[in-house]
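Below: one structure, written as structure tokens.
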Amino acid sequence: MSGDWRKEFGRERDRLNETVLSSGHLGIKRFFALDTQAYEDGALDAGTKELMGLASSMVLRCDDCVSYHISKCYERGVTREQFYEVFNVALIVGGSIVIPHLRRAAARMEELFGG
Amino acid sequence: MSGDWRKEFGRERDRLNETVLSSGHLGIKRFFALDTQAYEDGALDAGTKELMGLASSMVLRCDDCVSYHISKCYERGVTREQFYEVFNVALIVGGSIVIPHLRRAAARMEELFGG
Amino acid sequence: MSGDWRKEFGRERDRLNETVLSSGHLGIKRFFALDTQAYEDGALDAGTKELMGLASSMVLRCDDCVSYHISKCYERGVTREQFYEVFNVALIVGGSIVIPHLRRAAARMEELFGG
Amino acid sequence: MSGDWRKEFGRERDRLNETVLSSGHLGIKRFFALDTQAYEDGALDAGTKELMGLASSMVLRCDDCVSYHISKCYERGVTREQFYEVFNVALIVGGSIVIPHLRRAAARMEELFGG
Amino acid sequence: MSGDWRKEFGRERDRLNETVLSSGHLGIKRFFALDTQAYEDGALDAGTKELMGLASSMVLRCDDCVSYHISKCYERGVTREQFYEVFNVALIVGGSIVIPHLRRAAARMEELFGG
Amino acid sequence: MSGDWRKEFGRERDRLNETVLSSGHLGIKRFFALDTQAYEDGALDAGTKELMGLASSMVLRCDDCVSYHISKCYERGVTREQFYEVFNVALIVGGSIVIPHLRRAAARMEELFGG
């Protein structure tokens, strides 16, 4: 069943993004573009930026953002062991309040590896 | 199907508020009263206060609070264009971590306009 | 139906904790141990620490953490009246943004008392 | 001594913004532009947006952001009574944890009115 | 030099509270009253509530609120060992991001004990 | 004057850490050890973990934590251009509320480069 959640997650995300962007609000549209560009290769490579995005999303406790960055990191070849290293940094920085999000993140991540 | 979520949302909210208030805890009851009064007409009109409540709820990332203030703003005649302006301010203030909440807020708001 | 949610809640929690801990990540495992030890009897008794854990979880707005500490407090004999006192402190400290979590907490707590 | 803090506050802000922007980082520069544009007249007038910015800054407990929006609101003619209405909404939404920021905000605001 | 910071801290707090309350805003005045009442003896004793207030203030990372509750707890006879237990719970719940506040809290607390 | 703040910052940090650790509280001591270990080479190298620590500290808006990770990143050879990439990711994730911290972070970082 590996990877299934990514398809549904992506579809729902695309559907709602379209709702938002069809508003034609220029500021929101431009922010979405900046958001995409922030994770592109630059002085730091895209992979490192995705890891920072994942850690930041975990300490801010946003499940949707965590799922999104797990998906992106997985596609870039982040290993299980590396994922747990990110989870550990986020846990130390953010404390036990991060644990419910860490549990769900681990479950989603393990699914991708067929765990 | 416009507006449907407001009825169910309101019923569930009323049901749980009754659970809380039937405890007879005076401090909680008084806080609930202050909460209601904070959005009434005064040196600032109620409509402006609802917009502040909506923006504050979005940057604090509370879906239930966002839904509540969307419903109140809608009843006061806030337009689609104005809603997107509030969403944009909240997005700029709170960053991409607000996006999942903005997506759900936009979907709920569009439903009210039959979108 | 009193107490039912605790069994399912505990099972799901145990299942996901096992996923996380089966990773063998030493840092995460040690954090989980520290988390458990933090609430054990010491210069302050375990009951007082659970109350602090509940209040902290509410102001940080983490439903899972709130449910967990409600369950632990209930097992230690915290009364309905005392629960509402904790809810009130959390409400005053954290503001109306805590209310959706307070509502769900009250409903879960009342279930334990057969309310 | 009315208004004094605004000059020094503005100078320090300008000086540090120049440090940041002289980096030439395009993403940061564009975000700063979006930030400015978000508060311009549109479907909502600039004054209402500043009030939303002030309320949002208070519930997120950012003293610098609060000072900035107080200055902007004051320039747009927001009255003392209206400022206290914003403070009250932020206090109700964000709770007692907002109070230290509310105290400092009130002191800065009163200075502008020669209080 | 034990206890010195409490006098100055209290004076500054009183001075600014007076600024806020002299506005005559009824909602703010009533919130301040609810805030005081929340920590009075009730189904839970005032001492336990102060401990919850201290833990909540630390996880929300509000230095002023932490100082206030340290002062109140100290007056109620909370011991050094008990203070460190509260700090530990807050550290586990809130993570390393709490450490700068924990450091300042420990320094202020030790001053009260002549440390 | 490059690097000056690091010496004073480090001294103050060491002094206060000693206050905390001289309490002999085992839970706090162990957390501090876990915190150090979380940033050591493992499945991810220490440099990448420091970048994640810096980004997480910025979105959580903790100036002390930001200064600490800037110092560590600088010692590992992170370039000015790379620092601005981290700042940009944090700005996009956390929004304009991050800006006051970003300003101070940029100023401290530039000092290290003799800027």
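Letters A, B, C, D, E and F mark the chains in the order given here, with residues in each chain numbered from 1 onward.
Following the convention adopted for this analysis, a residue touches a chain if its C-beta (ideal position, glycine included) is under 8 Å from a C-beta of that chain, and two chains touch if they have at least 3 such contacts.
Since this is a predicted model, take the numbers as computed values, not measurements.
Under the contact definition stated at the top, the chains bordering both chain A and chain F are B, C, D, E.
A rotation of 120 degrees, rounded to the nearest 5, superposes the Cα atoms of chain A on chain B.
Interface comparison, C-F versus B-C: the pair with the greater number of contacting C-beta pairs is B-C. Here the CA centre of chain A is 27 Å from the CA centre of chain C. Averaged C-alpha coordinates put the centre of chain C at 23 Å from the centre of chain E.
Centre-to-centre, using mean CA coordinates, chain A is 37 Å away from chain E.
Looking at chain F, residues 27, 31, 34-35, 38, 57, 59-60, 65, 84-85, 88, 91-94, 96-97 sit in touch with two or more other chains. Interface residues of chain B, counted against chain F in their complex, comprise 59, 91-98.
Residue ranges of chain C in contact with chain B, taken from their complex: 61, 80, 84-85, 87-88, 91-92, 96-97, 99-100, 102-104, 106-107, 110, 115.
Taken in their complex, chain E has these residues touching chain C: 34-35, 38-39, 42-44, 48-49, 51-53, 55-57, 59-60, 65, 79, 81-82, 84-86, 88-90, 92-94.
The touching residues of chain B, when paired with chain E in their complex, are 27, 30-31, 34, 37-38.
Those residues of chain E lying in contact with chain D across their complex are 13, 16-17, 19-20, 23, 25, 27-28, 31, 35, 57, 60, 62, 64-65.
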